[in-house]
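Take a look at the structures listed below.
First chain A sits with chain B, and in the next complex the same chain sits with chain C.
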Partner chain A sequence: MGILGKVMCILIATKAMDGNVIIKKVDSTFNAPKTKKATFCMELKDASGNIEKRKGITYEANGNRRLLKFTEPASIRKIAFLSLPNDVMYIYLPSFRKVRRIATSVKNTNFAGTDFTYDELSTMEYSKKYRAKLLSQNDSVWVLKLLPKSNSAYHHLIMHVDKKHYIPLKIEFYDKSGTLWKVLEEKNIKKIKEYYVPTLLIMKDLKKKHQTKMDIKNLELDINIPEKVFTRRYLRR
Partner chain B sequence: MKRGALFIVFLSFSMLFAKDTSLTGSFMLKERINTKDSLSLSWNEGKLLLDLESTPSEHLRFFGELRVSDFGTPLSLTLLDLQKRNGLFWDIREAYFDVYDFPAENVDLKIGKQIISWGTADKINPTSNLSPYNFEDILDFGKKDGIVALKLSYFSDNFSIEGDLVPRFRWDILPRGDIQNMFLNQPMFTSQGVNIVKSDVFLNVPDNNIKDGAELGVKFNTTIKGVDLSLSYFNGVLGLPFAKNISLVPIDTMGDMHLSSMLSYARSQVIGADFSTSIYGIGFWGEGGLYLPDEFITELTYPTYSGMVRENDTVLNDPFFKFVVGGDYNFKHDFYLNMQYVHGFLHEYGDSVKNYLVGRLEKKLFNDKLKITPISGLFALHKNIEDTFFYAYMPEVEYSPYDCVRFTLGAFLYDYKNFTFFPGLDKMREVYLNMKIDF
Partner chain C sequence: MENWTEKNRNVIILLVGVITLIMLYGFRFIKVESDMTKWLKKDAKEVKSLNYVSSKFGGKDVALVGIESDSIFTYAGFKLLSELQDSFEAIKGVSSITSLMNILDIKGTEGSIQIDNLVDRYNLPKDALSIQKLKKYILSKDMYRGRIISEDGRVALFVIRLTKDAEKVYVGSMIKKKAKSIVSSSNIPVKLYFSGTPMVLKSINSSIMNDMIKLVPIVVLIVVFVLYAGMRNTYGVFLPLLVVITASIWSIGLMGYLHVPLSVVSNTMPVLLIAIGTAYGIHMLSTYARHIRGGLSKTKAIKVSQKEVFVPVLLAGLTTMTAFFSFLGSYIVSITHFGIFTGLGVAFAIILSIIFIPAMLYKINYKVDVENKADFRSIWYERIMEHLFEFIAKREFLSVFVAILIILLGILGFLRLKTSSNLMYYFPKSSEIRRSATFLRKNFKGDIPVYILIKGDLQNPGVLQEMIDFEKFMRTRHDIGFPNSYADLIMNLNESAFGYRAIPETKGEVQNLGFMLEGRPVLKQLVESDYKEGIISANALQSAYKPVKEYFDKRLHRSLALVYMDTIPLNSPLYDYLASQTSWRIMQDAAFRGIKLDTSKIKDILLWSLKKQYVINLKDVDELTHKIKGVFSSNDIKVSDDQIRHLLPFVIDSIDTLKLEAYIFNIIPSDIRKDDPEIVEDIKDGIISAKDAFIRDKKIDVVLHKVLSCMKADENAQHALLKDIKGDIYTFFKKNVYVPSEVVEKGSSLKIEPVYSGILPVYEELSKSIYRSQIRSMLIALFVVFILVWLDSGSIWGGLVAVFTIILVISINFGIMGLLGVNLDAGTMLVASVAIGIGVDYSIHFISHLKRRVLDGLSLEEGIRRTMIEKGHAILVNAFTVGLGFLVAVFGTLIPIRNFGWLLFLTMLTSATLSLTFLPGLILFLKGPFNKIFKAKQGGV
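== the complex of A and B ==
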């Protein structure tokens, strides 16, 4: 291999390790299935060890539409959340029999008492929201630093990406002062059809000493989900 | 007996569609103390809501809600009341079928007793006139009851349109207790020397025919450049009564009078529009209704020194406008602010329409287990604020120690001067404790 060839190899290797390329790949891997349908069981645990549970169902399409409905417990049953492109969000409040448009400032607030924000439960598009820089790597994991492109609740994120499946195994969320605030772990990676997907998400809020474990079940990928599911009409059902 | 039969029908559905049927509900205890009136117990209610839902097929859904309230001791006791076990009240708030994609694809039919809720504003919706308001508990305003209706909705990619037909108008439920006077829209006889010792109020509801009692609604919804918009039309009966005849008749030479009033309902058309959107994280909404009422005249008969006088007062005739504009924002550390400017409160029509600022600031703690609302209230806007004002202040603390269990402790305080928003509220200054269990 000549000098030119070696230079090209170095350039390609550098390009391959670029953080922005990696998170784009993370996004495209996450959003590779055109549709997703799953039930979930959330377990909320506070500092005293008290546990509360939430159950529900989610539908996703094209990586930019998501419908989430709670089925348990009774106090939040039928509350439904619809996330559409361009930060358009609706919530159905069964006690008022009404669908309401939500102010986008809700994005950084916790959803229904969990440790996930509305934004984190909306859609997964890290490359649109963050600039990534590769900090380090080993044989199996890239470690990236993600800096928000626009206004965000976080100063930065540290993401550990699995090299084999491009899945973020762990994400650390730092607050504006640079203090570690929340940690998300993605576990139980399963192969469904040709896709690898985590089926257990654990979000820990270190300030509140509270955590939410989200167990994803009955996951179906690339199934036919009619477009009308992602509408206000369906939100009421 | 009739309601008992309805309850059996209600529960029969659960057996009929047992496979895909759920029976859920809630129990609520509401206790209130009037701090201005010798700490009297002003509200004492146990309320049970039973929700029955069944989806026998992908295209068919039944929903029904049965409400049972026990108010304990009646507001005023007679000997007959001593024979009753309690002040139990039954009501089927909703009972309807949804038939999806019927009679054509993208068309939904909803038939039965249902809540039809229009508008983007928060609780105060000038365009929402089909379902009656339930003002039973005035501190919980904005709640609606079901009405028997046929609703047909068509959905396309870019818009939706709904048509609602109500065969028989249903009146708003008035508040319990003496504050119901605020809705009666009758002038107060406060002149010197008049002493009303006897008062009779009669009610005249619209005739049971299509012309007088039916209501119609049409609503068109779309989204343009990220803004949700709708246009609506209502033709029906306003939910609160007006005084049709008022007569004041002397019954002795001491100035004692007999007040007799006949209340009736007015018809109106309402052309409405609303919007909602989010800009720079702030939620914005607006909703307005142009009311085109049929003429409504109050006939007054009262004594003067020269004898009985009869005169007419036109209560409704000219078009009038009611609107609400508002916004909300979620601040850091789980603070939430919601503000609305209101031109025309729920019970105000015609010349009585006034302006208000309504808002609340909430703070959530411990993953939503605790919600504190230190600022919540209503403020009447008036040019001469020193001489004429009204405000109501309603701080509240809500605590949920476990899922499905919620306690609410709050207060209702108000002050006014030369303002007649709540003419019947003179004795109302309350502290309340509610407990709700969902199951």
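== the complex of A and C ==
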């Protein structure tokens, strides 16, 4: 933990908890590892109970570079996404053997049939986007209400934050009319190096009656990932 | 029966009272069913496929909401649309909405693919400049213009699909309520328009109930007036009325208990029963009055009347019941229901008239005037009848001549008949719902959902191309709006990613593009998640049914084969087929924009292009350099234009693989090569395919240029048309092509199972069913009536002339309908059968009276003369009063009911008139058989 983290801890411990401070800490905890590499297994379940499984691998660096490649099933094998700073995003279409840039406005739309938006899958920036208010707490959890600072698809969020590890165990997303729309649960918290990270994310879209389960495996943090990984050339590999 | 009635009179009255109360309770369970898709039997293939499609993709029912305003393209306008979108989405039973606020926009901008909502409703554009820019963009795209925004940009459309099990009427009224409330609080002037089944059903349901409430009192009033004029007695009015009202209550109550819903046709039930059923009561009471006047005691008069009336009332009732029961087993469920319960109502009215009225007569003090004031016949009436008889008797052939004329008129009318099952035409033109629908049709072409369900591999380019072709055809139609499919989305995405409005060549490419669309709500409306089924969805007018069916049957291919064009020699007839296909596509694209093209000319251009090789020239160098540079940069390798130019000699004429590889090796930094050993090979392959694509693009440009030269200058300037045609030419040059299996001898076969579905085929089937039901019930009614009259008159000739007379009545009915353009619909189809059942009674009366007179010793001629004078009056008065009862229906809200009312009134008058003119004429013309029969009877007596 860096000096800033320590200072933050002291602040949190001494001062009556402020919602905004908590989500800042949540963000910084999530973004703390410099690099991440993992394989994932996605399970998409639709309203009729049909399940579609996808597997892939991700690389992340500095919270602003990310490469995601699908390995299974065959119909999407080798399709890959590359996100770079300044909202630059590429997709590799293996059947065309071509890379195409994707416009930035997709950030708030769902990623490839999952219930996560592109944004929700990348870095965590709750403190940037929301003002938080502490609603209640018990021994282990803070319950926060997050109100968007600018235009958003959501009216507000209710976030349950684990006091011990600053991990949002559950986030409820409410639509503009105040109806519960999506629920994100973060489970299977594991300690990897000095970090505590959830390895099972379940996002439910109550309107679409659709659910995405993301099981993160072989997670490696703070490892050396060469810069070349985050190039268009590497997208094709 | 007479003694039994006397003995049990109290029980009878009590029982009728109790049954009536029980049946009244049954009203609680009455439901209204105006959904015409439920009129067909559940196992009808159109209904089954519609239910299947809607269970998979939603959208059996579609509500349309049009927002008209000069301020659509302002911040306030967008805000209003966004609020409407939010509130419609929140309505239970809404499956999906398509509008400006959520429609996908797929475009390629500055080298990147953009798949996004057309308007970001969470971040609406505020400044006028960007809104105007957006307006220009939206109105320039065929995908939106005329689909969800009118050509002039003043009307925005919400296409709201309902879930399969939605409470349609509830959803319809909620949509209306919410739209009105949001618009009223908006600060821009807006006009709202509603159309589509959920909105229509609400209006029809309220019309059904309102008509019942409105029409019954009017018909009761008329009956009271007529009865009083005839009977001059309060009980004389009360008893027949009580009988018909009780019979109606029993019928409707029974419908409630048996969960049979009221429909557009069954709301005429009480009106019909009241108008028809009083005759039985009147018959009973007038017979009773006659016997009282004849000096019989009350008990004796009741018993004698009951006995005397039984057979004639039963016979009249049976013919009437025949009319209604002839609808039994009709192809339309609600017509069958109507037939059963109105027939039962008639039966109840007969039973009550024969048993309940006598029972009541025992209990009440029914005063009978000694003089029969009602039974008067004026001298002038007798004179008219005398003259009429003279006229007929002298012109025996005239009746045959008139009959032929009338039958010809009938056939002509029947052939001109148009069937209508579109609910919208049930409303008068001036009604709000009809005006609203007309307005939306004018701006968006159609409002009846039509779906082409495609079962097959929806990721296969061949299947998608078939879908695109179908849509190309649909777009050319003035009566089909908004064709839309998964194939459309893939084509748009391909255009934004690779520049061509065409389906990609391979399944893998389709899968790649499709992956980018996954999770988009629109997909659920168009394609199954396993891509094994999908639909082409459109909104159409009824007139589109046949052309779509024709395309579906003749042009939509069921079996495709993959052909690798590189292996096909240039003299193969396959190229001729492909050129025809492509020129057809180009022609459709042009026709959609009102441009006519000479297909054979286009085909010649395409065939010519196959033989032409494109040679890269000096002018192309810069462009080709840029393309090849793109291959390097997409691998994050920087190279200069000069380095590329030095590479061109190994590429332009023919590919010198070795030299090219060596050159690439030299210009790629060693660290990259070390890091990525396959990079040289990759870049080389990239350059080769870039050159191939470059040549293909150039060839496409040449062909495009030639095709455009076939058009006028202002026509070929249309940007969207150019894109379409370019896409068609691109498809022509594809290397992997799917063609109908019958075109090639061998090749793997790809199956497509299409189903023509939606409300449009259901309406068409309904129309056909109305037609078939009409003929079927008419024939049944004619046959049964023929048998009944035969049995009653004791002669087959009696049956024949009665049936022939009634055939003329029906002919006049169809003649008038055909000539005046009155649609054959759920209401008017009832007229012919009801006319047979009721109208034949006048012929029966005439024949049986004639028989009596001849048996009394009169000659046939004299018998006819006497019958015309003695029975004519009663027949005319009865026909007029019953007809008047039917005429009440013209005050109904719905057009079929109005038409039903006046047509039936007319039919009553014509059947009475013909039984006093044509019928005697025909008997006089035939003479022989009747003389023989009646004389034989005389002898028998």
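Quick note on the criterion: the second predicted complex is superposed on the first by the 221 of 237 C-alpha atoms of A that agree within 3 Å, B and C clash if a C-alpha of one lies under 4 Å from a C-alpha of the other, contacts with A are read in each partner's own complex, and residues count from 1 in each chain.
Assume contacts are C-beta pairs under 8 Å (C-beta built on N, C-alpha and C of every residue); 3 or more make two chains touch, one makes a residue touch a chain.
The model shown is predicted, which means the values in this text are computed figures rather than measured ones.
Looking at the shared chain after the overlay, A:177 reaches chain C, while chain B stays out of its contact range. Within the superposed three-chain model, A:46 lies in touch with chain B and with chain C [touch as defined at top]. In the superposition on chain A, A:73 makes contact with chain B only, while chain C stays out of contact range.
Within the superposed three-chain model, A:96 lies in touch with chain B and with chain C [touch as defined at top].
After overlaying the two complexes on the shared chain, residue contacts for A:86 are found with chain B alone; chain C is out of touch. By the touch criterion stated above, A:152 is placed in contact with chain C alone, chain B being left untouched.
Of the two partner chains, neither chain B nor chain C is touched by A:211. Within chain A, the residues touching chain B in one complex and chain C in the other are 46, 52, 75, 96-98, 100-103, 105-106, 108-110, 112-115, 153, 208, 228, 231, 233, 237.
Residues of chain B that touch chain A in their complex: 24-26, 61, 98, 100, 106, 108, 115, 117, 120, 144, 153, 155, 160, 226, 228, 276-278, 281-283, 285, 327-332, 334, 366-369, 400, 402-404, 406, 438-439. Residue ranges of chain A in contact with chain B, taken from their complex: 44, 46, 52-53, 73-75, 77, 86-88, 96-98, 100-110, 112-115, 153, 208, 210, 228, 231, 233, 237. Within the complex, the chain A residues that touch chain C are 46, 50, 52, 75-76, 79, 91, 93-103, 105-106, 108-115, 151-153, 176-177, 179, 208, 228, 231-234, 236-237.
Chain contact summary for the complex, chain C toward chain A: residues 86, 90, 109, 111-117, 120, 122-123, 459, 497-498, 504, 506, 508-509, 511-513, 515-516, 518-521, 529-530, 634-637, 672, 675-676, 679, 682, 685-686, 689.
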